[in-house]
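Next come two complexes, and both contain subunit A; in the first it sits with subunit B, in the second with subunit C.
Then we have the complex of A and B:
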């Protein structure tokens, strides 16, 4: 509350300093928010493309594994899947987009050649190869989607936080500071006016006393 | 009962096989099945040849899994019957051909042991239609390591191939070498044991087996070529086919167009023309594999018509029965996965 501050000149100066700092902070945060939104829009476009690709790749993988299960049997497909030794590995690093730390996911051993999948070539069919290949593509696409969508979520959180800070400065902190500044200024002006009034009173009183003294002397 | 003991009873087995072949699902049955949902397919099967297996397995499985396990069990029962019907040399030929299920079971057990699967899960996936006894399969399933599986198989026809492949497995840690060794040992063995001067029917059977090997070599070579992996196709080459030796296949694989031309000019040119057209027009190999399968079924039927009192009708029946199982499974799984009627129809091979 503005009335909580002591209406002193020192406090006024402190508040003026805080107002200046807050206004600068508000401008910077507004610029950051706008920048983040622009970056977010780019990532959003990318995420939409990745999501749509992911949906297509998933449908394709599902269709191929269904075909393999239908034609070669569930047992053969499960057996071929069980023969896999080298499972995909994922390494996460981080990069910085306008102060927001977003993940960078690198995957290895996702795409495999026919001899790396573990199952024998002689006793299996091209359907199993196609299903395995389609699922490898799907895993790559999921990893890409995870990277882009996590970045998107983090950007959104940061935009939200920045927006809240800008709003707090714009609608709470700065108005309070302006109010305090105005209150102190008014109070100081009032004190000044009171001081002048008081001085005038004293002066008048002194003049009256002097006049009274002169009158007494003249009567005497 | 069998008219001859000790020598091959071709006429008796051919008659039994003919009647069983006639009982297989025909186009009308498939047309009905395609229009049913998985539940209806299961009910339909309960009223057919598969009734016993569906009822026996009904308490353990449900849905499409029940259908698939019932199909496998029925397949094993029919093939066991063939071995019971056949005597002498014919029995040996059938047993040798049915060893493909031993190969399947060995691979299933190796994969199960490799992934520490539950014993019951591995047992469920076996198709007991081969030569291995139930006791032997149970012992293999109980194995705690792949080394133990290889050791137990050391006295079988897969022994030496598996022992060699086990060294590669120890180096690489992947099952490819072991699985390929099992399949190659099966194919090598299949062509052994024929008399030097076989009857015309047996000679045609040998031709059929060699065609199967050729087709598999072509399939595998094309898969390797299309995978883009730097693998030498001769590593996966199955010897004893009619068309290629390992070097020839390696060279032809580098140029798929040349391979297609070579096949068109080969002895299978006419039988494979449809499959080769599929190969040239499609991006994937699936249509080609299906067309090869169809060609092989038709080839077996042609042999049957030419030599009705030979092993050929039995092999044609075995392949047709396997195809029936594949077709029913394809319909049930396809329906479960929501594939359209056209898509499922396209995948069926009906001869």
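Then we have the complex of A and C:
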């Protein structure tokens, strides 16, 4: 609160220093926020492309597996699915966009050749192979989507915190500091006026005393 | 630019039998199958165990299944970064992301798509 501070010249100077620092911080943070939003817009475009591709690939994969299910039976598809030996793996690395650490995901063993799949070629049909291939494509697309969407989530978090900091400075800290500054300035002015008044009083009193002394002397 | 490389992780799939089978065909072995009837009760547990699993880097779910989750858990998966949730079949809205964008930027940027 503004009235908590002692109205001294030293405090006034300290508050003026703080105001200067906060204003500078506020400007910098505002720039950071705007920069982040610009970066975010780029990623958003990417994300929307990836998303629309993803739904296309998903529809395709679903169509193919439904076909395999209809022609070869659910049991055959499930049997083939249970036989897989190679499993896709992902490795995440991180990169830095304006101080925000975002992941870069690399995948291995997503795309497999027919003999790597492990369910055997004789017992299964080409439709199951096609469905497996389509789902491999889908996983690749999912990994891409995961990468951009994580980046977006992290950027959004950073934008939110930066925004909150900017607002805290703009609407709380700076107004409080301005209030304290004004309070001290007014108090100091008031003290000064009192001081002047006191001096005048003393001066008047002295003059009166001198006058009295002169009067007494002249009577005597 | 890159700072560190973490251990390799896998992709996890949660959903009905029909949903997970295709992914298993592509070699995914971390999956939770919850039948359509059990979803209101069991989906929460399945998602929770997947979130706690350190070996899972990406969780794949069907967009419609998110509606079965409790409010808190849904919020948690939607904002989770490790593992990150990718939903399928839901169109461009991509769930909580849209809300988050609205909150952080103040404009609904995914409106036109």
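Here, the second predicted complex is superposed on the first by the 219 of 220 C-alpha atoms of A that agree within 3 Å, B and C clash if a C-alpha of one lies under 4 Å from a C-alpha of the other, contacts with A are read in each partner's own complex, and residues count from 1 in each chain.
As a convention for this text, contacts are C-beta pairs under 8 Å (C-beta built on N, C-alpha and C of every residue); 3 or more make two chains touch, one makes a residue touch a chain.
What you see is a predicted model; the values in this text were computed from it and never measured.
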First (subunit B), second (subunit C), both or neither touched by A:109: second
First, second, both or neither for A:130, with subunit B first and subunit C second: first
Partner chain in contact with A:121 - subunit B first, subunit C second, else both or neither: first
First (subunit B), second (subunit C), both or neither touched by A:75: first
Partner contacting more residues of subunit A (subunit B vs subunit C): C
Touched partner set for A:32, first subunit B, second subunit C, both or neither: neither
Subunit B versus subunit C as contact partner of A:187, first or second or both or neither: neither
Contacts of A:61 with subunit B and subunit C, given as first, second, both or neither: second
Which of subunit B and subunit C A:40 touches, first, second, both or neither: second
Shared contact residues on subunit A - subunit B and subunit C: 62, 78, 82, 85-86, 117
Subunit B - residues contacting subunit A, complex: 64-65, 68, 72, 103-104, 107-108, 111-112, 114-115, 117, 125, 173-176, 178-180, 182-184, 187, 216, 219-220, 223-224, 227-231, 236, 238, 284-286, 288-289, 326, 329-334, 337-339, 344, 347
Sites on subunit C touched by subunit A in the complex: 1-11, 21-29, 57-58, 60, 79, 81, 84, 86, 88-89, 91-92, 94, 97, 100-101, 103-105, 109-110, 113
Interfacial residue positions of subunit A with respect to subunit C in the complex: 37, 40-41, 44, 47-48, 51-52, 54-55, 58, 61-62, 65, 77-78, 80-82, 84-96, 101, 104-105, 108-110, 112, 117, 128, 131-132, 134-136, 138-139, 142-143, 145-146, 149-150, 152-154, 156-157, 159-160, 163
Subunit B-facing residues of subunit A, complex: 62-63, 66-67, 69-71, 73-75, 78-79, 82-83, 85-86, 113-123, 125-127, 129-130
